[in-house]
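In the part that follows, the structures are each spelled out as structure tokens.
Both of the next two complexes hold chain A, though its partner changes from chain B to chain C.
So, the complex of A and B:
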């Protein structure tokens, strides 16, 4: 995916929303900035398929040598699908965070959370502020 | 990141770190590089070649006066009064209950420097987080036993820097820049000498489990020494190393860290540091409490090995036969062993090598086995 057309949460998840036969499905992952900040990833779990999630819910953990980080759902909906091979090939998260490094697809049940998301330019600015 | 940096102390290498990719964090009131790139790469470079560390945040205290040895002998768990010039010993400073105020390296000064016509009798290297506490403790303790020692503490921390080069190639890399042969300096020995023509105190010590040395130098020479050593280290695959890899290195080497394995509520004997406690034929603050504690059944420090890749972190509960028996004090994924390792305190009943424990990692219960410390020992 093109990072410039994605939406972002301030907790560094990216979100791509597609129309799937009338249903809205969000694909989510973590940004290149977040992967770079974590460095040395050693472990991750995947969200539970079928789980109902709300914006801000911790849906899985990503662990680096240094620390454990939560991945938060940016949206409200039900987890449809997860990227099963990802925990066994964590390098994919750094090699292709916006593509093969996707983590989960969530079918939206409301628009909750969407208005809090940033576009690419706003997210870039937020990252710059965080890096300073 | 909101800049809380205004109140943080800077080492003489701070600007170098900031302009060379160092990710700076608050560590014990100092703004220090936690990593420059990959923690695993920095860790492995130290194990395989040489890692360069800015450890200028560590407290460096000079102890002057005719009673310096007697004074230190009265506040350090290790015997000090028989140390010979050039020797270095690891010891603890305890309170009267035997709780650990700090773990320290005691250096008995050897050698002469033109710039220090009146060198201290001893150096103490203390943890950054405990520096002010130890200075105050030494000042207060100078009337210990109703005797006032003729000894004076001089805080050298901000007028000097401290740089460590650690790893199997470290000694050969530093040697050409030293006055005198570094290769003949034995482990845990040190002396005043010149490095790149600057007055330094050089010791064969470290906190990584590797051979290597630590250099105390005047602050104004820190960048020159750092850049020179980094150049030669990089030629053999070494690099600058931040505090994160320093932590994984010391964890593998089974070395305790103050604030994690050591605190005022832990005695050196619980921490497995009996080698650094000389109880016979001497007295020091905490001595009597430590004698009494020998017959008590307190939790003890153990090493833990886990399967899989998920690390047990500080604060995780430890269970044995479904009952809580202790807590993890440090834990990380180990780059050398490519599996999670941890240290913690458990009740003696659960402390034997091979005991199968369960660790609760944020609600997930995973097996953890008690294994001997250290996890890592370098080849001799």
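So, the complex of A and C:
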């Protein structure tokens, strides 16, 4: 996916929303900026398929050499699908964070959280501020 | 001359306590960093030798380490390998998201360990071990050593080339301090142990005493490091020291999580 067309959460998740037979489905991953900040990734647990989530809920955890970090749901809905091969090929998160490094697909049940998301330009500005 | 603004810091100096309590206090500090913006520094010890697993380690893996088989078991919220907490000084630092040290994992890691390297260099006899920070990370994949102190990652505090024969079988310097982090809503908890001396529950790991000849009780190291660490990190503990026990009700609630089977045996 093209990072410039995605939406972003303050907690560094990216979101792509598509129409799937009348239902809105959000594909979620973590940004290249976040992957770099985490340093060497060593382990992750995927979200639970079928789980109902709300904006701000922790949906899975990632371990790097230094830290355990949560991935938060930016939206409200139900986890439809997860990227099952990802925990066994964590380098994909570094190599292709906006494509093959996607983490989960969530079917939206409301618009909650969407208004808090940033476009690419706003997210880039937030990253710059964080890095300075 | 312009004065440098220091960050207010809550300081906790805790007596030796059980592992579950120690983990619950650290979680409380992380939450208060995330929710109330409070930066905290804590030093503590352990009431008895205790094995702590990294967050993602399998509890059944403790069978790999016979020497600590009789130790009580806790699971940390942070990552990394298992630690045998016995003859050590443990610290924790909880940093709110807005503070610069919360932004990059390595920056906080290095800041704390550099402070300790400088201190030990001043305290240790010059003819003994040389303290340094590890410059690279070993990647073992699924064959990662069980114990944190048998792993190596950038920024770990090592002691090298002692004339006391402290080299490991692999010829590598010994690790004396390793830390691990947990992030929560932008805030970060970093805690770590300084191995003061070899523990009967982890006899393969020499400590500060064996590698450098520096025999320091935990209280003396704490006293020496506290002022230096506050200075090095730009922190101001003007409110004085308190104890985790002052928030007993909240910590008791968190203790229930850390002592539950669903937490300890989550993997």
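As a working rule, the second predicted complex is superposed on the first by the 132 of 132 C-alpha atoms of A that agree within 3 Å, B and C clash if a C-alpha of one lies under 4 Å from a C-alpha of the other, contacts with A are read in each partner's own complex, and residues count from 1 in each chain.
By our rule, contacts are C-beta pairs under 8 Å (C-beta built on N, C-alpha and C of every residue); 3 or more make two chains touch, one makes a residue touch a chain.
A quick note: this is a predicted structure, and the numbers were derived from the prediction, not measured.
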Identify the partner contact of A:11: answer first if only chain B is touched, second if only chain C is, both if each is, neither if none is. second
Which partner does A:52 reach: the first (chain B), the second (chain C), both, or neither? neither
Touching A:131, do we find chain B (first), chain C (second), both, or neither? both
Among the partners chain B and chain C, which is in contact with a greater number of residues of chain A? C
Please indicate which partner A:65 is in contact with in the superposed arrangement: first for chain B, second for chain C, both, or neither. both
Have a look at where A:39 lands relative to chain B and chain C in the superposition and call it first, second, both or neither. both
Shared contact residues on chain A for chain B and chain C? 39-40, 42-43, 61, 63-66, 68, 130-131
Note: in the complex, chain B contacts chain A through residues 1, 3, 34-35, 37-40, 244, 248, 308-311, 313, 332-333, 335, 362
In the complex, chain A touches chain C at residues 11, 37-40, 42-43, 45, 61, 63-70, 130-131
Show me the residue ranges of chain A that touch chain B in the complex, using the header's touch definition. 39-40, 42-43, 61, 63-66, 68, 130-132
Quick check: in the complex, which residue numbers of chain C touch chain A? 54-56, 77-80, 103-106, 109, 137, 139, 144, 153-155, 179-186, 188
